[in-house]
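What follows are several structures.
In the two assemblies presented below, subunit A is common to both, partnered first by subunit B and then by subunit C.
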Partner chain A sequence: MTYLVSLFLFGLVVGLVAVASNPAPYFAALGLVVAAGVGCGVLIGHGGLFLSLVLFLIYLGGMLVVFAYSAALAAEPFPESWVDRSVIWYVLVYLIGVVAVAGLFWGGWYESSWVVVDGLKGFFVLRGDVSGVALMYSFGGGMLVVCAWVLLLTLFVVLELTRGLSRGALRAV
Partner chain B sequence: MNPYVLAILIASLGMGTTITFASSHWLLAWMGLEINTLAIIPLMSKQHHPRAVEATTKYFLTQATAAAMILFASTTNAWVTGTWNIAQLSDPTAVALISIALALKMGLAPAHFWLPEVLQGLDLTTGLILSTWQKLAPFALIIQISPNMHPAILTALGLCSTLVGGWGGLNQTQLRKILAYSSIAHLGWMIIVLQFAPQLTLLTLATYIVMTSAAFLTLKASSSTKINTLATAWTKAPSLAALATLSLLSLGGLPPLTGFMPKWLILQELTKQSLPLTATIMALSALLSLYFYLRLCYAMALTIAPNVNNSSAPWQLLSTQSTLPLALTTVAALALLPATPAVLAMLT
Partner chain C sequence: MTPVHFSFSSAFILGLMGLAFHRTHLLSALLCLEGMMLSLFIALSLWSLQLEATGYSAAPMLLLAFSACEASAGLALLVATARTHGTDRLQNLNLLQC
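Up next, the complex of A and B:
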C-alpha cells in the first residue's frame, strides 16, 4: 500500500509538472488527465472510495471534453513536447523546486502521514465519504439548489459568450 | 442580449454578493465570489468589441486566480485549525494568502495592474458596476478577517495603493484609466485604516461608491471617455459641467465636499494611533491624486476651448438618458459633509 500510494503521489507531482511547464495543449491536457487519474488513486489510498469514483467519472469526463476541444482548437503541425528547448527549462526548474521542497520537509514525512477516512475509529457502519453524500442531500439541500443554479448560470454564460458568428464574444464585430 | 438572459445574469450578480455577505463558511463565501465573477463576464463582453473581450479575459483570469487562492488558503486553514469559519481564520499562512488574494480581487496596489486595463476596455455603465458593486463582496470578507490580518501587510497595501493610485493616474489621458487609478487610491485609504477602525473603512467605501457613481454617470451623460472630449462637455450640459468639477474635487477630498469626510476621519484616526509618518504620507499622496482631478476640472470647466459656433449648441437637444441617478449621486457626492456625525453614528 505504501509503495502504491508513493507511486501515486510521485505521479501526481510529475503530472502537475507536466501541466505547469507550458507545453503544447495536447500534452498539457495529457498531463492534466494523468494528474487527475493518480489524484483519484491517492484518494483511494486515503479511503475515499466513493469520492474518488465521482471525481474520476466527472472530472475526467470533463477533462476529456476539454482535451478534445483544445486538441481541435490548437492543432499544430509541430507541438512542443516536454523535451523541446522552450519547455525543458520549466520542467527542470519545477523538478528542482520539488526536490528542494521535498528535502526541506523530509524530516516530517513518515508512513502514517496519511490516515484512511474514519481509520482512527474502531467499528463504523457508514464510511466517511458515503455518509458525507447523505449529509449533503439532507442538510445541504439549500446548497445543492445554489449549486444547480450556478450550473445553469454557467450554461447561460458559456452560451452567451460563444454564440454564433457576430453575436458571440469570440469573434470580432 | 436576450432580456431573459440579462435578468438571470443580473439576479445572479446580486445573489453572489448576497451569498458572500450572508456566509460564515469559507466555501460558501468563495461560491458567492465565483457567482459574481461568472455573472458579470457576459455583461462585460456584451459589446463584442475586441477591447471588451480582452478586458473580460483579463478580468476572468485575475478573478479566477484570486478565487483559487482564497479556496486554497481556506482549505489550508481548515486543515490546520479544523474550522471553516470566516471570522476564525487564524493560520498565519492562510491569513497572508487570503490578504493577498483579496487584494488581487479588489485591485490593491502591488496586485493592481489588471484594474486600469480592464476598466479601459468596458463601457461606463459596466465600469461603474465593476468599481462599485463588485468591490462589496471582497470587502465583506476582508473586514471580517481584519482582526487576524498582519498589520504590516495592511499598512504596506494601503500606502502602496495610495501612492500608486496617485502616481499612476498622473500621465493618463483616458478617463476610465484615471477613474481606475482613483479607485486604487481610495482602496488604499480604506485598507490603511482597516486595522484601527473598520467602521471608517465602511464609511470610506460608502462615500467612494457615491462619488465614483457620480463621476461615472457624469461621464456617461456627456459620453466622454477622453480628456479631449471633456473639453467640449460643457456644450452638452453647462450646469452638469460646473457640478462635475465639484464632484471630481470631492473625489480628490477637498473640504466642504463629501470626499473630505473619509480623509479627515482617517487622518484623525491615524494621528490618534500615533502614526504621524503614515498619516503624512497618506495626506501627501492625496495631493498626487488631486493633481489629475484638477487637470480634469481644468479641461472640463475652468477653460473654454475656441470652437466653431454651431458645435457649442448640443445643450438644446433633449437627452434621452435617465438623469435621476446622476442627480442623486451628485448631490450626495457634494453635500454629505454636514451629515458626518450621523453617518458615523450609523456605522458604529
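Up next, the complex of A and C:
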C-alpha cells in the first residue's frame, strides 16, 4: 500500500504539471482527469472511501463532462500537446522545479514518513469519514442550507450570464 | 513535511503558477483553478483522515460544493466570452472593439 500511495502521489504532481504547463484545453482536461483519478487513489490509501467515491463520481462525472463540452466549444484544428515546442519547456521547468524543491526536503524523509497514516486499518462496516460526512445533516445543517442557497444563487448567476438578449448581464450579443 | 503533504502542496503551487503565468485560453485558466480546488479537496480530506478527526469530514464536501459554484460561474463566463468575441483566447479581450 505504501508503494501504491507513493505512485499515486507522484501521479498527482505529474497530473498538475500536465495541467499547468499550458497545453491545449483538450490535453489539460485529460491531465485534470488523471490528477482527479489519482487523488481518489490517495484518499483510498488513507482510508477515506466515501470521500474518494464522492471525488470520483461527482468531480469526474459532473464537472469533467461540462469541461469536455467547453473544450469542444473552444476547439482548435491543431491542439498543442505536451511535446510541442512551446509546452515541453514549461513541462521540463516545472518538473525540475518540483524535483529541486523535493530535494530540499529529501533529507527529512525517512522510511517511516512514507508509511500511510491509517489508524483504523482493517475491515470495518463503517469507516470514519462515512459517519463524519453524515454529521453534515445534523450538526452541519446550517452549512448545508448555506451550500444549497449558494448553489441556487449560482444557477441564477449562470442563467443571467448566458441569457444574451437585450436583458441580463451580457447585452452585447 | 511528509511526502504526502509535499505532494498536495506542490500540486497547489503548480496550479497557482499555471494560472498566473499561462493565459492563452480562458479555459486553461479555469482548468488550473480546478486543479487548485482538487488539491485543496485532497488536503482537507487528508487532514481529517490523518488526524482521525472524523467530524471534519464534512468540510471537503462543502468545499466541493463551493468549487462547483466557481466552475459553473467560470464556464458561464467562458460561454459569454465565446459568444461576444468568437473565441476564448484572452488576447482577444484586449481589443477595444471587434
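Please note the rule applied: the second predicted complex is superposed on the first by the 147 of 173 C-alpha atoms of A that agree within 3 Å, B and C clash if a C-alpha of one lies under 4 Å from a C-alpha of the other, contacts with A are read in each partner's own complex, and residues count from 1 in each chain.
As a convention for this text, a residue touches a chain if its C-beta (ideal position, glycine included) is under 8 Å from a C-beta of that chain, and two chains touch if they have at least 3 such contacts.
These figures come from a predicted structure and were not determined experimentally.
Quick one: is A:Leu73 in contact with subunit B, with subunit C, with both, or with neither? Answer first, second, both or neither.
Once the two structures are laid over each other on A, A:Leu73 reaches subunit C alone.
With the two complexes superposed on chain A, say which partner A:Met143 touches: subunit B (first), subunit C (second), both, or neither.
both
Does subunit B (first) or subunit C (second) touch A:Phe105, or do both, or does neither?
Once the two structures are laid over each other on A, A:Phe105 reaches subunit C alone.
Touching A:Phe156, do we find subunit B (first), subunit C (second), both, or neither?
In the superposed model, A:Phe156 contacts subunit B only, not subunit C.
Given the superposition on chain A, which partner contacts more residues in subunit A: subunit B or subunit C?
C
Overlap the subunit B and subunit C contact sets on subunit A and report the shared residues.
Touching subunit B and subunit C on subunit A: residues 143, 147, 150, 154, 157, 161, 169-170, 172-173.
Residue numbers of subunit A touching subunit B in their complex, please.
Residues 143, 146-147, 149-150, 152-154, 156-157, 159-161, 166-173.
Of all residues in subunit A, which touch subunit C in the complex?
5-6, 9-10, 12-13, 15-17, 19-22, 24-25, 28-29, 32, 35-36, 39, 42-43, 46-48, 50-52, 54-55, 58-59, 62-63, 66-67, 70-71, 73-74, 90, 94, 98, 101-102, 105, 108-109, 113-114, 117-120, 128-129, 131-133, 135-136, 139-140, 143, 147, 150-151, 154-155, 157-158, 161-162, 164, 169-170, 172-173
Give the list of subunit B residues in touch with subunit A in this complex.
1, 5, 8-9, 12, 15, 19, 28, 31, 34-35, 38-39, 41-42, 45, 48-50, 52-53, 56
Can you name the residues of subunit C that touch subunit A in the complex?
Going through subunit C, the ones touching subunit A are 1-4, 6-8, 10-11, 14-15, 17-19, 21-22, 24-28, 30-32, 34-35, 38-39, 41-42, 45-46, 48-50, 52, 54-58, 60-62, 64-66, 68-69, 71-73, 75-80, 82-84, 87-88.
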